[in-house]
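In the part that follows, the structures are each spelled out as C-alpha cells.
Here chain A shows up in two complexes: once beside chain B, once beside chain C.
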Partner chain A sequence: MEAIILQILNGLDKGSAYALIALGLTLIFGTLGVVNFAHGALFMIGAFCAVTLSRILTLSHTVIDETKVDFLGNPLKVDVPYVYDWFGQATGDAIIDWAVPLAILFSIPVMLFVGYAMERGLIKHFYKRPHADQILVTFGLAIVLQEVIKYFYGANPIPTPAPQAFAGSFDFGAMLGFDPNTIIYPYWRLVYFAFAAIIIGGVFAFLQFTTFGMVVRAGMADRETVGLLGINIDKRFTIMFGIAAAVAGLAGVMYAPINSPNYHMGMDFLVLSFVVVVVGGMGSLPGAVAAGFLLGILESFASMGAVLEVLPGLNQIIIYLVAIIILLTRPRGLMGRKGVMED
Partner chain B sequence: MFGLDNKDFKLFMIVVGLTMLAPFILNPFPEGSGLAQFNAGYPDLMQRFVIFGIFAIGFNILFGLTGYLSFGHAAFLGIGSYGAMWTMKLITLNVIPAILVGVFFAGLFAIAVGYISLRRSGIYFSILTLAFAQMSYALAYSVLTPITGGETGLQIKPTDRPILSSLEDGEIGRASLFGMDMRASFELEVGSWLFTFNSGYYIAAVVMLIAFYLSIRIFRSPFGMMLRAVKSNQQRMNYTGLNSKPYTLAAFVISGMYAGLAGGLMVAMDTQVGPERMFWTASGEVVLMTILGGAGTLIGPVLGAGMIKYMENIISKINSNILHEWFYWMPDGMEDFVIAIIYPFIGKGWHLTLGIIFMLVVIFLPGGLVEGGQRIRKLFSKKASTGGDDKATQSTPAE
Partner chain C sequence: MTKSNFTRRGLLKTSAVAGAGVALPTIFTGSSAHAFTNEPTGSTVTLGFNVPQTGPYADEGADELRAYELAVEHLNGGGDGGMMNTFSSKALQGNGILGKKVEYVTGDTQTKSDAARASAKSMIEKDGAVMITGGSSSGVAVAVQALCQEAGIIFMAGLTHSNDTTGKDRKANGFRHFFNSYMSGAALAPVLANAYGTDRKAYHLTADYNWGYTTEEAVRASTEAMGWETVAAVKTPLTQTDFSSYIAPVLQSGADTLVLNHYGGNMVNSLTNAVQFGLRDKQVNGKDFQIVVPLYSRLMAKGAGANVKGIFGSTNWHWSLQDEGSKAFVKSFGTKYGFPPSQAAHTCYVQAMLYADAVERAGSFAPCAVAEALEGFEFDGMGNGPTLYRAEDHQCFKDVLVVKGKENPTSEFDLLEIVEVTPVDQVTYAPDHPQMGGPEATLGSCNNGA
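The block that comes next holds the complex of A and B.
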C-alpha cells in the first residue's frame, strides 16, 4: 500500500509536466489545427525565464567592506547584489530566494509575447499547408530556439533551487497513518502538482465560463460558422496560441528546481508530450491531462525495483509501449474526438 | 541505357563522376593555404557523405514518394549496424556478409514496425515510428546490453575470433573486403595538393551508386507511380478498389533496408556502434537532410546529406581565431563587430545555421535545394519559356 501511494506521488510531478505541455499542445491542435513541434522549446524558454530572473536578481556590484579584513589587515572586496541596496539585506535575500516563484510573473508576459510573435510571424503562414510541413517548420524552429539558448546560457545544466521554505521533504506517510519514513515526499514536487492543478483548472474554467472561451470552443467546433457570425476568430485563436505558450512556459518555470534547466530539455519533453497527446486523443483537453498523469504515474510504477526485477528496462519503454497499444486498439486515443487530425 | 531514359542516365553519370572524383573535387585548396580547412576530401568525411547519402535516399523512397513522415528511421540504421557488427565479430571480417546481414535484420524489423505503424497515417504514423525507435533505443541502451554493449556499444575486440577469418594470436581483427583493408589509402601528391584515395570510401561509393541506381528505377517504375498516388490522395485510391497497404509497406521496408545498408556500411568503415545512433535526433537528422536537399527528387537527399555532413565537420571547426585571421584587414572595432555577428552561426553554433537554413527551405523552397537550383537556372536561362517539365530533378511530382 505504501509503495503504491509512493509511486503515485512520484508520478505526479512528471505527470504534471506532461499534462501541462500536452494541454498546451492540444489547445494549439484544437484551435489552430497546427502540429507544434516547437512546444517543447516553449517549455524550455519558460525554465530559462526562471534562470534569467534569478540571474537578474543576483546582479551585484563590488564594494569594499570595512568590517571584514583579510590576513594582512586590508579590507575585503565583497559583491553586493543590487537588490540589497534597494530593499535591504533581509528582504533582498528573500527576493533572491524566491526567484523561481517570482519568475512566474516575469514569464507570463514573456511567454505571451513569444507565443504571439510565433503565431503571427510563422505559424500563420502554415494553416493551409500539410501537417508534415507544420511539423518540419516547427521542428526547425525548435532547433533554432534550442541553439539560441545554448549560445546564451551554455550547454551545462543550470541549477535553479526552489525557495528555502520548500526545501527538503516531509513525511507524507505519517499524515495518513502509515509508519513514519515510509512515504517521504519533497515539498517542491507537491507545489508543482498543486500549481499544475491550478493552471489546468484555470484553463478549463477560462474556456468554460468566459465569453471568450465560449467563442473559442465554438470556433474549435466550427471555425467557419463562427467567422460568418462576424467574430474575428483568428484574433482569438492567436490569443489562444499565446495562452498555450504561457501554459508551457509556466510549466517550465516551476519545473526548473526539479530538474536543472538545460538546452535540450525541450526536445526531451517534446517527444514524450506528443506521445501523451496521442494517447489522450488529439484535440481532447481532458484526454491530454488524463493521459499526462496516467503516463507519469505508469512510468513511476514501472521504475519500481520489484517490477524492474521481472521486466528490466520497462521504465524506459513503458510510455511508448502504452502509446503503441492504445493507438492500435483505440485509434483516436483515450478521449479523441472524431475528425481531428485524421487525413 | 541501364533501363534509364536519357535525362536520368545523364543525372546518374553526373553522380558517378562526382563520387568517383570526389577526392579531387572535395580538395580544391592546396595544403597549407588558409583555405585548406574547407577541404573535405579526407576519407572519414567522404565515407560519411556517401553513407548518409544512402540513408537519405532510402528515407526519400518513403517520405518523398508516399508522404509518410517517419521520425524513427534511425532505429533501422542502428539495427543494421548491430547486425553487421555481430557478423564481423562472430563469422567473418569480410564486410559484404556483414552488410547483407545488417540489411536483412533492418528489413525484418521494418516489416514489423511498418506493419503496425502503417495502420495509421499523418501525425499518428510519425508518432508511432518515433515510439518504436525510442523503444529500440531504450532497449539497446539498457536491457539488451549483452547484445548491444549498452552505453559503451560494440567494437571488435582482440579476443574476437570470427570463425571464417584466420587471425594470428593476439591479432586484432580489421574489417576488410577479400583481404583489402578498409582503411588502406593511396595518397597522391600533385604540387601542393594532397589527394587521398581510400579503399573504404570507394567501396561505399560503389554501394551508394548501386543504391542510387535502384532508387531511380523505383522512382520511375509503376510501383513508384503507385506510391505517388498514395501521396496525392490515398482515399481516392482506395475507393478505386486498390489496396494501398502492400505498396506503402513495401516502400517502408525498402527504405528500412536502405537504412540498414547505411548502418552496415558505417560499421564496415569504422568498426564500432553505440545506441546513440538510434536516438530520435538521429532520425530527425535524416529528415533534415531529405527536406533540405529536396524531398521527392532523386538527387536532393544526397545533396542534403552532403551539405549537413559538410557543415557538421567543416563549419563546426571554424573558431574565433580563424575568424580573426580572415577579418584582420578591417579596423579593430569593425573586426570585432563583424566577428561578434558571425560567431554564433559557426563553430559550435553550426546547428543554429542549420536550423535557420532548414526553416527557410521549408517556408520558401518546399522543393529543397534542388528547387532552388532550378529556380536559379530558370532565372538565367534564355529559354525559360520552353523549360517546364524537368523530369530529371522533378521537384513536386505529386501534390
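The block that comes next holds the complex of A and C.
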C-alpha cells in the first residue's frame, strides 16, 4: 500500500511537468495550428532563467584572503556577492537562497518576449505550410536554442537548489498511520505539484472567464467567423503563443531544483509531451492535462522494482504502449475533437 | 675444362634472378617506407585527439582537449614542460617525437560509439594520425580500440572505467592509464567497512549499459566479501533524467545504503533525487542511511553541488595531490587555463606523454615497437606514484584514490577531499580474473597495419 501511495505521488509530480508542457503545446496547436517542436526548448529556457537569476544574484567582487591559498599556492581570491554589500550577509544569503521562486517573476517577461519573438520572427511564416515543414523548422529552432544555451552555460548540469525552507522531505507514512520513513516525499516536489495545479487552473480560468479567453476559444472553434466580426484574432493568437511559452518557461523554472538544468533537458521532455498531447487528444486542453497525469502515474508504477523484476524495461515503453492502446480504441485520443488534424 | 651452356633461355633465367637480387634492397627500402599505417615520413607527426566535443560529456571533452594541447606544447619544447620534468623516463627531449614536430587533429566522439569510430577512421585515413587517444566513455573506448586494432594504430584510451576495456575486450594495440571498476570496488570496500561497518544492506541503482554492469559487479563483489548484503540491484535507463521512481522504493526495501552506479548526468540527477527524498536524513536498521558513488569526477561533483558532501567514491587522480608530478601538472595547466585540471585531463595528458616516451625509447613509430616499449613499462612522476603498464592486459596499475565530498569547500574546484590512497597491491588482480573476461580474454596479436 505504501508503495502504491508513493508511486501515485511520484506520478502526480511527473505528470505535473508533462501536463504543463503539453498544455502549452496544445494551446499553440489549438490556436495557431502549429506543431511546435521547440516547446521543450522553451521549458529549458525557463529552467535557465532560474540559473541566470541565480548567477545575477551571486555576482561578486573579488577579495584576497591572505590567510588561505588557492590551487596554485597563491593567496586565495574569495568572491563576495554584491548583495552582501547592499543588504548584509544574512539578507543577501536569503535573497540568493530564494533565487528560484524569485525567478518566476524574472522569467515571465523573458518568456513572453521569447515566445513573441519566436512567433513573429519565424513561426508566422509557416502557418500555411504543411505540418512537416513546421516540425522541421521548430525542431531546428530547438537545436539552435539548446546549442546557444550550451555555448553560454556549458554542457554540465548546473545545480540550482530550492530554498532551504523546502529542503528535505515530508513523511506521509507517519501522517497516514503507516511506519515512518516508508512514504516520504520531497517538499519541493509537493510545491511543484501545487504550482502546476495553480498554473493549469489559471490558464483554464483565463480562457473560461475573460473576454480575451472567450474570443480565443471562439477563434479556436472558428477562426474565420471571428475574423469576419472585425476581431484581430491573429494578434490574440500571438499573445496566446507568448502565454504558452510562459507556461512552459514557468514549468522549467520550478523544475530546476528537481533536476539540475542542462542544455538538453527540453529534448528529454519533448517526445513524451507530444505523446501526452496525442493521447489526450489533439487540441484538447483538458485532455492534455488528464493524459499528462495519467501517463506520469503509469510510468511511475512501471518503474517499481517489483514490476521491473517481472517485466524489465516496461517503464521505458509503458507510455508508448498506452498511447497505442488508446489510439487503437479512441483514434482521436481521450478527449480529442472531430476535425482536428483530420483535413 | 669448363663447358659453358650459354643459351637464350638460360640468359633470361639468370637475368631475372640477378635482377630480382639487385632489386631486392630497393623493394625492401620501398616497403619499409610504408611498413606500418601512417608512418610519418616528413618533419612532423600527427596525433589524433578524439574527444566528446558535443553531447553530455562535452565539458569533460573540452578539458581533455586542453590537456592534449598542453602535452603537444610540452612535447614541442614550449611552456614549462609540465610533467616532462618529473617523469622518471628521460627519453623526451622537448624536440617533438623522434625529432619530428608534433601536430594534431581533433575529432568529436559525441559519446557515441559509431560517431567515435567514424571520426577516428577519418583521422587515420584522411589526416594520417599515427596514434588515436581520448574519449570519455567505455562504450566509445571499446569501439575505437577495436578500430585501431584493425587499422594498425596505437590507441591510448582516455577516460574509460569499465573492466571490459582491458578485460574481455582488451586489444594488443590498446592501452589504458585510467583505473577500472574492479579497482574502484577493491579500494572502496575497506574504507566503507571502516566508515559504515560490515553489516550493511545495499541497494544498487545501475546505469543500464556496459560500464554500469561492471561497476555494479565489482562493487557488489568487494562489499559482499566484507559482509554487506545486496538487497536489490535495479537497472536504470541511460536516458533517465528523473530517478524519483527508482529512489522512492529504496527505503521500503530495508536497505540502509544506496550505491549509485551512475556517471555524468545520471549520477548528478540520481544523487540529487536521493538527497531530495531525504535519504541521508533517515535511519534504517538502526543506522544512518548512506549513499556511495563508486566513480567520482570533479565535474560531476560540481554538477551535484552540495549533495556530494560526505559521500564516498573513488577517482583516478585529483589536483590536490602533493607529489611533484601532480604539482607540476596542476601548475602548468592552472597557469595556462586558470583552473585546475580534471582527472580526465590528467589521464589524457599522461597518455599522450607515455605514447611519445614509448616511441622515443623504441626508436620507432611502428605500433608493435611502441607496444613492446609500453608493455611492462614501470614509471613514476606522473601523479599516481610508481605505475606499471602491465604487459598481459595493457592496464596501468597504480595507487587508487578514495575521496569524499568536501564538507566545507573553499572554492568551486575544492569539492572532493582525498581520504585514502589505496596501495596498488590492494587493487591488483590476475589478468585472467573472472571480472576481466577470464582465461579466454587475450590481447591477440599486435597489428602494424599497412
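Following the convention adopted for this analysis, the second predicted complex is superposed on the first by the 326 of 343 C-alpha atoms of A that agree within 3 Å, B and C clash if a C-alpha of one lies under 4 Å from a C-alpha of the other, contacts with A are read in each partner's own complex, and residues count from 1 in each chain.
FYI, a residue touches a chain if its C-beta (ideal position, glycine included) is under 8 Å from a C-beta of that chain, and two chains touch if they have at least 3 such contacts.
Predicted, not measured: the structure shown is a model, and the values here were computed from it.
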Have a look at where A:Val148 lands relative to chain B and chain C in the superposition and call it first, second, both or neither.
first
Would you check which partner chain A:Pro312 touches, where first means chain B only, second means chain C only, and both and neither mean what they say?
both
Taking the superposition as given, does A:Phe274 touch the first partner, chain B, the second, chain C, both, or neither?
first
Let me test your reading of the model: by the given contact rule, A:Phe139 touches which partner, first (chain B), second (chain C), both or neither?
first
Touched partner set for A:His131, first chain B, second chain C, both or neither
first
Chain B versus chain C as contact partner of A:Leu112, first or second or both or neither
neither
Taking the superposition as given, does A:Ile324 touch the first partner, chain B, the second, chain C, both, or neither?
first
Check whether A:Ile56 is in contact with chain B, with chain C, with both or with neither, and answer first, second, both or neither.
neither
Can you give me the overlap between the chain B contact set and the chain C contact set on chain A?
150, 312, 316
For chain B, which residues are in contact with chain A within the complex?
67, 69, 116, 119-124, 126-128, 130-132, 134-135, 138-139, 141-143, 280-281, 284, 287, 291, 344, 349, 351-352, 354-356, 358-359, 362-363, 366
Touching residues of chain A toward chain C in the complex: what are they?
2-3, 6-7, 9-10, 13-14, 68, 70-72, 76, 150, 154-159, 161, 168-169, 181-182, 184-186, 188-189, 257-260, 262, 264-265, 268, 299-300, 303-305, 308, 312, 315-316
In their shared complex, at which residues does chain A touch chain B?
35, 122, 125, 130-133, 135-137, 139-144, 146-148, 150-151, 267, 271, 274-275, 278, 282, 312-313, 316-317, 320-321, 323-324, 327-328, 331, 341-343
Per the touch rule, the chain C residues reaching chain A in their complex are 54-59, 232, 234-235, 237, 239, 241-242, 244-246, 248-249, 251-253, 265, 268-269, 272-273, 276-278, 281-284, 299, 302-307, 319-320, 330-331, 334-335, 339-340, 410-411, 413-414
